[in-house]
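Chain nomenclature is as follows: A, B, C, D, E and F, assigned in order of appearance, with residue numbering initiated at 1 for each chain independently.
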Amino acid sequence: MGLADLYTSRTPLYFGGVEAEPDRADMLVVGVPYDATSSYRPGSRFAPRAIREAAANIELYSLRAGIDLEDYRIADLGDIALPVNPQEVVKRIETVVAELLENNPGKLLALLGGEHSITLGAYRALARHDTNPCILVADAHFDLRSEYMEEKYSHASVMRRITEVYGGERIFYIGVRAFAKEELEYARSKQIEYITSHTARLLGVREIVNRASRWMKKAGCQSLYVSIDMDAYDPAYAPGVANPEPEGLEPWMLLDTVFRIVAESSVSLRVVDVVEVSPPYDCSGVTSVLAAKTLLEVFAAYLIQRAKGAR
Amino acid sequence: MGLADLYTSRTPLYFGGVEAEPDRADMLVVGVPYDATSSYRPGSRFAPRAIREAAANIELYSLRAGIDLEDYRIADLGDIALPVNPQEVVKRIETVVAELLENNPGKLLALLGGEHSITLGAYRALARHDTNPCILVADAHFDLRSEYMEEKYSHASVMRRITEVYGGERIFYIGVRAFAKEELEYARSKQIEYITSHTARLLGVREIVNRASRWMKKAGCQSLYVSIDMDAYDPAYAPGVANPEPEGLEPWMLLDTVFRIVAESSVSLRVVDVVEVSPPYDCSGVTSVLAAKTLLEVFAAYLIQRAKGAR
Amino acid sequence: MGLADLYTSRTPLYFGGVEAEPDRADMLVVGVPYDATSSYRPGSRFAPRAIREAAANIELYSLRAGIDLEDYRIADLGDIALPVNPQEVVKRIETVVAELLENNPGKLLALLGGEHSITLGAYRALARHDTNPCILVADAHFDLRSEYMEEKYSHASVMRRITEVYGGERIFYIGVRAFAKEELEYARSKQIEYITSHTARLLGVREIVNRASRWMKKAGCQSLYVSIDMDAYDPAYAPGVANPEPEGLEPWMLLDTVFRIVAESSVSLRVVDVVEVSPPYDCSGVTSVLAAKTLLEVFAAYLIQRAKGAR
Amino acid sequence: MGLADLYTSRTPLYFGGVEAEPDRADMLVVGVPYDATSSYRPGSRFAPRAIREAAANIELYSLRAGIDLEDYRIADLGDIALPVNPQEVVKRIETVVAELLENNPGKLLALLGGEHSITLGAYRALARHDTNPCILVADAHFDLRSEYMEEKYSHASVMRRITEVYGGERIFYIGVRAFAKEELEYARSKQIEYITSHTARLLGVREIVNRASRWMKKAGCQSLYVSIDMDAYDPAYAPGVANPEPEGLEPWMLLDTVFRIVAESSVSLRVVDVVEVSPPYDCSGVTSVLAAKTLLEVFAAYLIQRAKGAR
Amino acid sequence: MGLADLYTSRTPLYFGGVEAEPDRADMLVVGVPYDATSSYRPGSRFAPRAIREAAANIELYSLRAGIDLEDYRIADLGDIALPVNPQEVVKRIETVVAELLENNPGKLLALLGGEHSITLGAYRALARHDTNPCILVADAHFDLRSEYMEEKYSHASVMRRITEVYGGERIFYIGVRAFAKEELEYARSKQIEYITSHTARLLGVREIVNRASRWMKKAGCQSLYVSIDMDAYDPAYAPGVANPEPEGLEPWMLLDTVFRIVAESSVSLRVVDVVEVSPPYDCSGVTSVLAAKTLLEVFAAYLIQRAKGAR
Amino acid sequence: MGLADLYTSRTPLYFGGVEAEPDRADMLVVGVPYDATSSYRPGSRFAPRAIREAAANIELYSLRAGIDLEDYRIADLGDIALPVNPQEVVKRIETVVAELLENNPGKLLALLGGEHSITLGAYRALARHDTNPCILVADAHFDLRSEYMEEKYSHASVMRRITEVYGGERIFYIGVRAFAKEELEYARSKQIEYITSHTARLLGVREIVNRASRWMKKAGCQSLYVSIDMDAYDPAYAPGVANPEPEGLEPWMLLDTVFRIVAESSVSLRVVDVVEVSPPYDCSGVTSVLAAKTLLEVFAAYLIQRAKGAR
């Protein structure tokens, strides 16, 4: 190896900084740069790259876990190539995620959205694979519209599609606060559990974790999907999202909550996604940084869960 | 009606999304695009349009009230045409607001500022109409200077002008924290009530609401004007304001407080304004979104108050 | 009418500032806020509003025509509501535009894009109506790909779709300079005429106008569609576009050219569109201003053509 | 002097970088941070500071003059404190400028605007001092409205006020291209000379300079005021202005023209202003840089004129 | 003095607004515009100017202290001229600060950074002057790397350099939360005290102040240096920093804590710095405003300490 | 290969889009992300990534050459890791470039700056390799200061360092227009050839190419280095540079000129760099796009030169 090789880092932008081979990795990362159904502020197509860049500029040590993620291997598989048609996109994601889950048993798969509609394909893939996967959703919105702007596969309908096929008992929302009355009534009618951001403030982290724990038991969850819509956070902390909604959660609270739910649970975390970051509206870049941090804390929780031998 | 009519929405930018006739409306909205006395960062002239656009992209359901504002009618009357001269502006606003109050008894009038100086004209109009109107002001500043930059009708003097004519007992501040010593002394000498953002944190929502309730009784308020200077919020939540001041209120706290003061009171809310949003400095647009949300929560509180039969 | 009515302008954001009824108008304007197939920088969905605002802040007098457009009537019909699916969008636009052409004979219809894919629906509508419509396209790109990102109705394929059905002889490009070799070969094989921005600099306005004139005769054009992709201009003048490409045209040259082609021709101008402005990337707002100006100059050319009695 | 003094530059932001005493200076600079009548995009109040910062970061050597401005002394007097009321502002500027002209005979006075309305006060002051001052105006607009937004002292009326008192023969416009028909007719009726940006392109620099020379003779100009509204330039070169208008002049052409008119003339240049830069809209800062450069080239032309012994 | 002098404020941009002579001042301010070792987002070189401008637009009354800083004198000495080489920069700052401390006994010296590496030079200067100075650091990071990007004098190594020479017992961190495992282990091995932002939330202000008080006693501090890296705050409150890290402190908490530590202590505060503001990334300007406010509250605490006769 | 592999593009951000092995490539690209000596607006450290992203979104067909660069292989080697110290940086670049030139005979090496100081190391490396390399510099500035801000290896001194060692006869500037008088005198004294942007406008492309051709003969150039400082372009076309200077070149003119000089010459082009793009100031991203286009046109010219068998 010459000096040029020594001094030149052929730095593709990998999440976590160092390239790792998928089969030797602890966590897999894949980007899903899609935003065609965005109804207000598009741009989440650029989020995978922005989150990778942010991840390269923050520290990988988790104070919650006492774990240094530099000691583990993250394999960044790049981005999924996607068409425009929303239904085709869902199918494509389902196909790719299903194969990744198949080929990488026991590894956490992380998706960098993209808008929230991408969760449908990934959840379907997980449901193909596991008998009864549950989904924990941090979100300002229910995304339970029957369709939106004439589109059934919209980001605003993603959880409706999931509920219709897999049932509402498997769903648990944190931070929800903005919705049409119809969505609220639908959620109630389908036994979907939800904790608004107002309620979260009253309950505190411990009680929310307890409720989530009871929910997982009651629903008989066999594996877990965690979906973080960044608009669950208050716009002060995550201004660069597609649909900012006031009165969201503070990062310490959401991160404490999700970390404990995962780390304390024996239900195995299989997939996590972070969606709805819109870099063109993230003027100071702090939303991408928070998205990267969120993913890293979920990774740390996953490693703790795994160390304890979650099924 | 042809297909073109069916598919084309002649979408003028109305607050609340749907056009309603004033005489059949529950709430009236009018824009006041004026910022000529802005001493630091101008641009609040663009706020009426930005707040309307934000309102069109957030949900209209109020979790605090359990009310869906889509079930009510909001009439957006457009913007008041205004000259440059500050004194003329005050007169113009007084004239227009007085007529709107006269012609629309029992309806809430909402003003989309513009800078804070617009409150003087609107308050004068309300005082013409009601015997003893009180004013609740959320603001980082007292705006009690005798004049500012040689101008008596400046945004920085608006509450001084009101105090001089109508007395300080009618005024109640929340969130104040930035002022000259002279303003503080003037406020005290005029029996103006105020709760700084530091004090607010110590007292909590319940106690502030109680104090406001006692103030309304003591001052014998016959109607209520609520004026929200967006800089009452912390700049983290409302960065796009004319004069950002650190250590402001969090949205949940200010909204809880104002909502309860209005909803629990029998003193009829007649006018609300939201002022000092400066879109050119609102990079991620979250200040306009919060302004729209603030107005919607005040609307919901008003509807609850009205349903209880406030006088 | 009271003083409130006098002083309050219920200002919906109409192009041209003053509301006019369609049947009494000289020109019709309709917004087409669609950008789902944008392959690089989305945001042209916001262009109709941005162009209207820009039009409200520039003068309406045309130095080229010696015409004050304030003496004419522009009816702004608002925006077409659109789904996400690109093929459905094309159909919707075709339906709406066909009806507008049917119901408003002899009036110029102007479309505010949106991305370039909207031209397909509008051209189809015109072709339903007129026997042999020709299309003059100002663009940096050929948009002649057989499909793009797996999508046949992409902005990058719009002229391919038109060529396939209606033939290449009807198409004349100005300012083209960025394309794949395949597109160039396709253009040549289909007898499509084009003048690159480099060639345009060499030929000068007079010679380009002559060539366009000969093209219209040769192709037997019975009516004219003018489609202005704002990236035909150099990015210095139009930075806020979806796909900026260096070495574009200067505004005076493109405006002189289009103005003369229309004003000097007896082939009646029926539809004009201005597409691909992306406001989130138009930091100083100058692209929207130039788009508004471009439309106003085309309006002025149309009025001259009409005064001369073009068929 | 200690090391702290040696290494610490007490760098107030002076135009030209080095502090000079007014009575020993060749040129005086004063900021006029006023924008209250701005009808579209405010912010020119911040222009004096932005132009000073830009001037500190470009070179002071003039290629046109072969002069290094570092060999001359520029005294930056700071900013004029101004009220809000437009009429008062005009009076204040007139008072200050009159005294500066009185106390600094034979020195060029440069004003850093602020909006264009500031020219009225400064021109009045010059007219108090010299018998027959003429004014060369680079501008996209005529600014000849009888009033604007109910304001007679608006930026849009500034040249109307001057024409009314001092006559239209003294006025020569370069680059004008956007106006109401009434303004054009008024200009013609008052024998105001103007060269539109379209005409400028046809005539070329030499012919414009000749026309300006004939104008000065015919009008019997005894001194010269040069007023540069930055919107005379094309928005590509000056995007950060209050009212961008397409099809403006290129910097080389306007600078060549103004430089030669001044440098070749024996009519003494007394005042120059650069107005209408709006830093909040000058995203990349290039408008402030061009404003600084424009002033430096006018300074160089003045020094040449002075060296030749202009009266 | 003429009217021109009366109305013209020769406004250099002084911190605190009014020019005061150093020897009659209570506080000295000096800018240190250096950012060459910034590893992520440069631009803190522009912070001194931005913080001065912000300070000129907020109120100077401290609610915590009940003190109006307008009653005291702040001398702004301008900026230190600096080379590029990091080691030379440290030496230069040490030289200048040492002389300022020597010549201005009993006055608080405030440095406007610049990046955090500037603290090394200033601390060395203080250590030359006082026998046992301690340093209170608000920071998201430890800055304890042995070198960074091959540079020993990097912002990321500044506290390592200080620890190596002066020992870790003198250092107390607040808000730290992002670091490599090695830095944590180094901190522990050197008896450095630190309170993470997570711990701070649990302890509360009173307990942190008590711990700091005990630390100062234990370490035998004879004077105090307070270094505020603005990234100690949460990015919601301070988005415009070089290295934003989620889960930071809220302003009220950090300001309460630092204010009380200083105001309640008898260990004399000698130097304060505010570092790492990056104006190009501070889109809405709120980071500079918070930096100015932070400095003002430290000034107020200093004045209280001084009034009590701290040694 | 599974479907996941098929649909997932492990998209590192390579210039030219497709990964190619160095030894099979026609052109090599390496990033040099360094900006520590930037005296005004830093940020060119981010330019390599921004230019790569821009290159991925423009077409690779060169109209000037009639060549589709997609038919050739570009190997992007990633970025050189660099320290802070300017002198060390120069050495590092020299080492890496020398080895790359050694190992890749007959291939064009392209450097993505970074600031202009990087050219010194690369030129030194070329001079080690070839007997008499000449350098064609497009720049607004001479960069001939003996040192700048106490730094000999500053971007403002880079050509001075080259001149001192290798002589001024080897240097040819295009577009220079901003400098201190001393630099101009130094340039003349060293027989450096230069064409200002004003002169370029008068001469035209053909004559400039002729002069460059004569210069290469006279100087006995054995190989060629082309260095493009993006501020050679007018700020309208390249606003996002470290030091914008008005009155620059238009892209068509600079590209025509450089293209012809290279394509028509038999002196072999060995190294090209594109420097001084500052993405934080490139609001609409057009500067990065123009930088990418510039490089592509130089590649096309190189391929033509190579096809003709340049030595």
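The working rule: a residue touches a chain if its C-beta (ideal position, glycine included) is under 8 Å from a C-beta of that chain, and two chains touch if they have at least 3 such contacts.
Keep in mind it's a predicted model, so treat the numbers as computed, not measured.
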Any chain in contact with subunit A as well as subunit C: B, F
From the options A-E, E-F or A-C, the pair that copies C-F, where over half of the contact pairs coincide: A-E
Fitted rotation between subunit E and its twin subunit F in degrees, CA, nearest 5: 180
Whole-Å separation of chain centres (CA-atom averages), subunit B against subunit F: 56
CA centroid of subunit B to CA centroid of subunit C, Å: 42
Subunit B and subunit D: spacing of chain centres that average the CA atoms, whole Å: 41
Sites on subunit B at which at least two other chains make contact: 41, 81, 234, 236-237, 281, 283-284
Chain-level touch network, classified as line, ring, star, complete or other: other
Subunit A-facing residues of subunit F, complex: 2-4, 7-14, 30, 49, 76-81, 92, 95-96, 99-100, 103
Residues of subunit E touching subunit F in the complex: 35-38, 41-43, 45, 81-86, 88, 149-151, 154, 280-281
Contact footprint of subunit D on subunit C as seen in their complex: 57-59, 61, 63-64, 68, 70, 234, 236-237, 251-252, 255, 283-286, 289-290, 293
Of all residues in subunit E, those that touch subunit A in their complex: 40-41, 141, 177-181, 184, 196-198, 201, 234-237, 239-240, 243-247, 281-284
